[in-house]
Structures are given as C-alpha cells and as structure tokens.
Amino acid sequence: MIIVKDLSVERLDKKIFENINLSLASGCISILKGKNGSGKTTLLKTILNIIEPSAGSIYWKGKLIKKNLYDFYNNITYIADKTTSLNRLTVKDNINIWKKIFLSNISVSQIEKALKTLKLQDYLNQKVSTLSLGETKKLEFLRLIIENKKLWILDEPLSSLDEDSMELMKQTFEDHCSKEGSVIFSSHHNPGIYVTEEINL
Amino acid sequence: MKFLVNPSKFNEMADYLFRPLLILSIILFAIGLLFSFYFSPDDYQQGSTVRIMYVHVPSAWLALLTYAIMTIYSILALAFRIPFGFIFNTAVAPIGAVFTLICIVSGSLWGKPMWGTWWVWDARLTSVAILFIIYLIIIFMNLSFENRIVREKVVAIFILVGSVNLPIVKFSVDWWNTLHQPATISKLSTPSIDPSMMTPLIIMTFAFIMIGVAIAILRIKTEIISRKSHLS
Amino acid sequence: MKFLNKIIFFYYREYKLNLSGFQDILTNIIFFFVSILIFIFSIGPDKEVISLIGVGMIWTLLLLSSTLSLRKFYQDDYENGNLLIIHLNGFSFGFIAILKTFSHFLFVQVPFLLSIPIACILLNIANDKLFYLFASFSIGSLILSCLGSISSSMNLMNQRNFLLGSVIVMIFSVPVIIFSVGIINMEESFNSLINILFGILLIVFAINPWASGLCLKLSLENN
Amino acid sequence: MKFLNKIIFFYYREYKLNLSGFQDILTNIIFFFVSILIFIFSIGPDKEVISLIGVGMIWTLLLLSSTLSLRKFYQDDYENGNLLIIHLNGFSFGFIAILKTFSHFLFVQVPFLLSIPIACILLNIANDKLFYLFASFSIGSLILSCLGSISSSMNLMNQRNFLLGSVIVMIFSVPVIIFSVGIINMEESFNSLINILFGILLIVFAINPWASGLCLKLSLENN
Amino acid sequence: MIIVKDLSVERLDKKIFENINLSLASGCISILKGKNGSGKTTLLKTILNIIEPSAGSIYWKGKLIKKNLYDFYNNITYIADKTTSLNRLTVKDNINIWKKIFLSNISVSQIEKALKTLKLQDYLNQKVSTLSLGETKKLEFLRLIIENKKLWILDEPLSSLDEDSMELMKQTFEDHCSKEGSVIFSSHHNPGIYVTEEINL
C-alpha cells in the first residue's frame, strides 16, 4: 500500500534522517526502531504529509501521496505519542464525539465489547483527566476500532501498558493483519509481535 | 542602483558611504540647530515656541517617508521575490517608529501652548497615533514570531495593508477640518512661509535624513550579518 | 451527505467542548454588563450622555470581549493534538478554519447578540436604533471572528506574545468600528454603509481560510 | 535567607513564563492604548464626553485585562504538573496562592498602572484626579487579583458547582469596581471611601490564601 | 527511611488498593508493579501526602509524615508520569529555572556533564515543545541531579526510553544507592535493575 523512497527530512537545517526506504503491503506489520530523537515520530508525520520531506517521495496505492491525499486519509488511523482524548470530558463523551466525527457505523455492542476487553467498561462516566496513564492510552486505542480503517499508523503504542494489554495489542495487530489490514508502529522494544519489516533509524 | 536590492552590493556601498554620511549629518545637525535657535526669528503669534517646528516637521515627514519606502520594499519583496526587502523592513521599522515618536512628542509639546491641551482626538493626531502603533506592531512581530520565513511574509503583508493609513495621515487636514495646521510648507505651489524660517527647516530636514540613512545602513548591515550566520 | 454529517458532528464536538467551558461564556456576558454598569457609574446618571455613547460602548465591549476569547480559538485543539486528528479525518486546514470561525461566532458572539436588547434598555438606546445595531453587529461580529481566526492561528507560531494577536485584530477592526458606529448614527445612509461592511466581510471571508489554513499547516509542521 | 531566595526565584520563574522580555510589557501597554483608541473611535472625539467617561474606560480595561489573564492564573501550572512540583519544593498551597496573586498583580496590573498617566493625558482627565485614580486603582486591582486567584483556583476543580462558584466570586468584583469609580468622582469623601476599599482589600487578602490554598489542594488530590 | 503501614486508598468510594505495606531503608531500591489502573500512581501520590489515605499511616524517619512534612519534602525528588518542563521555554531556560527554584548549588560543569551523558547537549536552545518524547523524559531526569536529594520517587521513569538511556538510568540508580540514597519507582517491566523490594499492586 505504502512505498517510501529515499526519504530525507531536515528540521531547522539539521538532518534528522536520510534515505529511508520502506514498503508496506496489506496484511503486513512494520516496526520502527531507533534511539530517542532518531526521528521515528518525524518519519511517521512525514508519511502523514504533515512534515515536508527535504528529499524523496512517498507513494500510496502507486500514486504520489500528495496527489491522493484524501483517499489516503480515508484509509488510515493515526495514534500519536501523546493522548488526544479531551481531558475535561468523560470517557463516554469522548467515545461519542469520535463515533460521530468519524461517521463510524460501528454498533454499540461492538464498542461495549471493545471496552470490556480493554477493561475500561467501569470508567464510562469518569473524566479522562482522572484516568490512569495506561487507561488513557487504552482509551486512545478505541479509536482503532471506531474508525475501522485499513492502515494503522501508531507512535509508541506499547509504552506504559501492562503485560495483559500488551498481549491484547499483539492480538489486535495480528487480527487486523489477517483481515488484510496493515500496521506500522514505532517502539523501543518488541514484545514478540511478528513483524514483516523492521526499520532502524 | 543594484545596491538598493542586493545585500552584498549594499554592503560594499555602505562601507563607502557610512563615514562621510555620519560626518555630514553631524555638521548639518549642528548648523541646523544653530540656525533654528539663533538665526531664525520668533513668530509674531507663537513666540519662540515656533522653534519646535524645526524638529516637529522634519520628523513628521521622515516618519511618513520611512513608511512609504517600507511599503515599496514590501512590494518588491512579495511581488518580485527580492529578499532584501525583508531585510530592509526588519532593519528600518524601529527608525520610523522613533521618528514618529519624536513627531508626537514634539507635537504635544507644541500643542500645549498653542491649543491648550497635550492631545486632541482629531483626524491628523489620531492617524499619526495609529501609524505609531503600526510601527510598534511591525517591530514586535519581528521580535516574537519564531518561523522566520513566515514572519517576513506576514510582516510584509501587514506593512502593505497598513499603508492605507499613509494618505489618511497626509490628507487628514484637508479632508476633515481639524485643529492641526494644514499644509503650508509642503504645498506643491509656492510655500507660504518666510524664507528665514524655511532655511533652518530645510537644513534640519536634511540633517534628519542623513542621520536616518546612517542608522539604517548600520542596522541593515547587522541584519545581513545575522542572517548569514543563521544560515551557516 | 457524508460531508454534511461531518460538519454537523464537528459542531457537536465544539458544542460539547464549549459547554463544558460554559463559565467562559457566562464570564463574557457578565463582563459585558459589568462594563456597562461601570460606565454608567463613572458618567453619572446623565441620560443624554449615556444614550449618546451607548452604541459605541456596546461595540467596543463586543470587540474587547471577542479578543478576550481569542486565546481558546485554536490553542487547545492544537496542543492536545486534536487539530491533527481532525485534519487526518479529511478536513482540510482551510475548511477547519471556516468551521472554527463559525463556531467562534456561534458560541462567543451570538450570546452577545442576544444580550444586546437588554443592554439597549440599560443604556436608553432608542428602540428604532435596535434594528440598525443588530444588523451592523451581526456583520461586524462575523468580521471580527474571521480576523480573530487569522490572528490566533498566527499566534500558534508565536506562543510567547499572546497579546500581539489581539492588538493586530483591534487595529484591523478600526475601520469596521468606524463604519458600524456610523451606520447607527447616520440612518439615512444605512444602505451604502452596510454595503461597505458587507464588502469588508466578503474580503476577510475570502482571506480567512487561506491565511488561517496556511498558519495551521505551518504550525503543525513545527510542533 | 533560603526562604527569601526561594521567593525571589519563584518570581524569576513567573517572569520567564509571563514575559519573554521587555517587549511583552510593552505589548501590554500597547494593548491598553489601542483599546482606548477603539473607544474613542466608537464614541466620537468629543473632548467633553471623553474626559467624562475617561475613568470608566480605564476601569473597564483593567477589569478586562484581569479577566483576560484569569485563565492562565493556575491552569497552566496545574495541567503541566508544575504546581505539584513547586508544592513539593516546600511551598505550602496558601503561600503559592499569595505569591501567584502578587505575580498576577505585578505582571498584569502594574503595566496598566504605569500607563495611566499617559492615558490621562490622552483622555483629558484632570491632573488632580490622577492621584485619586492611582490610589483607588492600585487597591482595586489588588482586590481583583485576589478575587481572580480564588475564582480561578475554584475553576480547577472543574465540577459544575464550582464553576458557578467561580462566576459568583467574579461577581463580587462588581461592587468593588463601582465603588472605586465612585471614589474618583467624590473627592471630598475620599479618605473615608478609600478606607472602606482598604478594608475590603484586607478581607480578601485574608481569605485568599486560605480559600485558594484549599481549592488547589483539593484539585490536586483529584487530578 | 520510609515506612508505609496498612495503607488503603479510596477514590469516589471505590477502593483502589488495600493494606499496602512497604518499608524503604536508605541505600535501597523498591519497584512498584501492577496492572494499568492498579493504583501505582495513587500510592506514590499518597506517600507524597497529596492524596488522603482512607486508612493506614506513613512514617518518615520514624515520625508520622504529616508531622514532618517539610523535612520530608526537603529530602525527595518526585518525577511524575507526565513531563513537567515548560513547553514554551527552551531547554536552557528550564534548567535555569530549576536550578534557581531548587536553590541548587550544583556547578555548571556538573550539569554539562549530565547533559552530555543524557545526550541533550545539542538541544540547549531548542524549545521543549519541539523535543522528541524520549528527550523530554530525559530532560526531566536532569532534575534528579539538579535537586540532589536523598529519596527519589519516580513514576514510570523507564517508559519511552531507548535501551541506552535505560542502561543509563540503571547505572544512575545504582550510583545513587551506593551514596546512601534510595529510590522507589513504578514500572511495568524491570530491565534488570537490582531491587531490594518488589511491591505488587
């Protein structure tokens, strides 16, 4: 689906990385590894067309991504390294807002099931600002299910999760791949997820 | 005339010009002050307060002139992609602000004996106040925006939009009836002012211009240098 | 249809967000009335003078309090990453700017609009002027929202000096104020003045998505 | 000595946060003057009227600027965890409230205070009123800072009843302002009136560390 | 130094944990483990006297902690699970503010050395908001060195760090302990730090 060719990014005239190549077919999982500050987040944002690369090109379904931007955006879910749920609202409100704004046709029972597997079912009426760190992180993952897109672009999804949740994510990734979806995520250590490609920055 | 748009040419020219300019401006200033305080008559109406004019009028003209030139450079920079325009604008805005401030302060000092108040809200004075604020905004934008490329363009556009104010300053005395003096000196036909007052005024005007240009050269040079060091 | 739904739900989100900041709206309104009271007290109960400056006062207060809320315009969504998520959901930056501008109008200016009649009573403004006030105010406040959008998106790149954005908005709104107040005091030339105001509105309307969108894009790039 | 140093450096921090330099104070002052400009434009340049409402104008702007900055009062430090860190560094909550209140006074109100003389020139306010304006303004603005501290610390708890509470606290500032404006117009009873204002200041001064401190403690507990 | 006896905490009438016991002598490292939402952060904040326990007591140097609060605060450094550096300021400004507000008598060269080991020396004039996630985390650790206190209370210090930094933290902890300091930290997995006590929530 996605092919990245000889990508280089500069920021404030400082090279972040050079000549990165990557290709992701449907049904595949790619992991992005590298030291702190090596440019993982930058690479993901460049793929998302938020940051302008200084050289190289990115293709989506064979076309340059810039030419095909809204089709691309219609097929991805991006989860950033910081949580984006609205702190002042409750978990339920957040879910409702997401459901509506992503025009998700997911059923209530599906969401409830997902909440249950994420062990968030008891916190529906709690404000997001009072959730624990891992819980906000897990709440964020709910977007993967609500948006229901093909390509998942995840920035450090596994940090500050406990082992159970880590296992859950592993399962979710593999499920998604078996349904022709694909995942690209950055992480500092791989807890045994089978990946088709490993990119080292 | 290349030195007006090319930084390196400008630098060469500036090295030639700076010293003579400085000397010339000091001499002119001395003569001008001498003239305006000793060799010019008191006004029969205004007494010796008329001497404020020799500061007020040149600074007012230069405040307007500086902005006009900045407008031209903004057009050059935006439409013809001449980056020297951005450099010029960044460097020169504070000079214009200072001239405007001198104009306002000397005007209020003059206004107290003449009109009885420091300040009135007539069209001329208000539009000059706006000119001053526009200058300040330009300076602060230059100081506080982080992304240089965006900042330059935003400032240039702002200068262009703000230039609407210039004709208002200039012609406010004609368009609305105000307390302020209508154009007496800068009329296109024969000026209605006594030559004994005209001479010091002209000398002072040139002295102000010289000083302005000298400081502008200094500031533009430092601006060019700071940009070079930023790129390397 | 899908697109329309997205827009509707964008406003659902704004509504949820703004309602939880309900006290901000309330503070704005209270601020508005308190300022009127202050004026009345500082002037003394001279009815003539009060009704003379009433319109001008309402206008200034509108302007000041819409700059008051400028800070929230994009800042929150920018900082918690929602701006990015919404953009990735298929809203172009320019379009976000348009939607946000309307949302500002809806949640900040409209409450003011609604409190004008009460203000008119307090300030002894003649009833027949109310219509002119309303007309000029609705157009003027839309202009202010657009200007606010531009300046606060610019402010995202300049997180140090928040007030600068407000000052810029205020300088640009000087002509708006002149025309709007003129409308109310010169009823005979109502049509021509309101047309000028409309012209200004169209101009800022056309510039807004372009300028704000660019600023949003650039600021996200540098985050 | 150590304690004093800590206080000094608390203000160093506040300074860094509030002002990225001298230009920010200047921007504050410019904002003030531009607001005056806007007032003049909307009210008309009539000298008499302007000098009549000058005092009211200055007070409205004071109120505006302090509400404008209320959101920043504790919110930022609360959300990014700095409040907690500072507390753990040995500042009790009440003491933080006192320091923050003064910081608000220093970085928001004082710039205004300094530009009052120039404003008086521009607005044709008689010189002998300047002293009264100054006196009532300095006390009044301190009261506003204290009330602001209480209301914005209540805001942190982000619960419905407290939101209302914060609005109610802000409403308390109405009589203060009206009263202060009155002082300037009733010069003969200046002394007794300013004593009353002083009394109010002492009361809010005493309540502030206690009330704000409690709210800060509770809100951190629930974060 | 610290003894926790039978501590229970409730929040909104929901029990978070019950009857936790813990004792930490100087020179020791304790690790706090548990699932997401099990109450690790809550426990640390209770020790810090931010959250009121519903039962139990905490002792500092033999005295009840409430009686001895400011002495306690004078001896600890707390690093929260979210970063607290000021986003709008540069790294340098942040360091300066910390140095001043903690009345730190640490020398410039020591800070420079620490910056170098944390590999942050190139970012001094960069704004914190543009740092990468791991870099902000590492910047936070600088407080440990600047404050120079005996007891370190750290909430998930190891998440989103790369392997080198992890190793560095390990070393730093051990150094600190050999100088009679002690550390209590929460984490989801232990990357081989030798701990004297493990508390499972």
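Observations, loosely collected:
Residue numbering begins at 1 within each chain, and the chains themselves are lettered A, B, C, D and E in the order written.
We adopt the following convention: contacts are C-beta pairs under 8 Å (C-beta built on N, C-alpha and C of every residue); 3 or more make two chains touch, one makes a residue touch a chain.
The structure presented is a predicted model; accordingly, all values stated were derived computationally and were not measured.
Common partners of chain A and chain D, by the touch rule above, are C, E.
Set against one another, C-E and B-C show the most C-beta pairs in contact at B-C.
When you average the Cα atoms of each chain and compare centres, the chain farthest from chain E turns out to be B.
Seen as a C-alpha superposition, chain C sits on chain D after a turn of 175°, to the nearest 5. Per-chain CA centroids place chain A at a distance of 36 Å from chain C. Spacing of chain A relative to chain B, judged by their CA centroids, is 56 angstrom.
Separating the centre of chain C from that of chain D, both taken as means of CA atoms, is a distance of 24 Å.
Taken residue by residue, chain C touches two or more other chains at 160-161, 164, 167, 171, 174, 222, whereas all remaining positions touch fewer. For chain E, residues touching at least two other chains, in rising order: 82, 88, 130. In chain B, the residues that reach two or more other chains under the touch definition are 130, 133, 137, 140, 143-144.
Every pair of chains in contact is given here: A-C, A-D, A-E, B-C, B-D, C-D, C-E, D-E.
Residues of chain D touching chain E in their complex: 2, 5-6, 9-10, 12-13, 16-17, 80-82, 84-86, 88-90, 220-221. Considering their complex, residues 11, 34-37, 40-41, 81-82, 119, 131-135, 137-138, 156, 159-165, 188-189 of chain A touch chain E. Those residues of chain A that touch chain D in the complex are listed here as 88, 127, 129-130.
Interface residues of chain E, counted against chain D in their complex, comprise 48, 50-52, 70, 73-74, 76, 78, 80, 82-84, 86-89, 93, 97, 100-103. Within the complex, the chain D residues that touch chain C are 20, 23-24, 27-28, 30-31, 34-35, 37-39, 41-44, 49, 52-53, 55-57, 59-61, 63-64, 67-68, 70-71, 155, 163-164, 166-167, 170-171, 173-174, 177-178, 181-182, 184-185.
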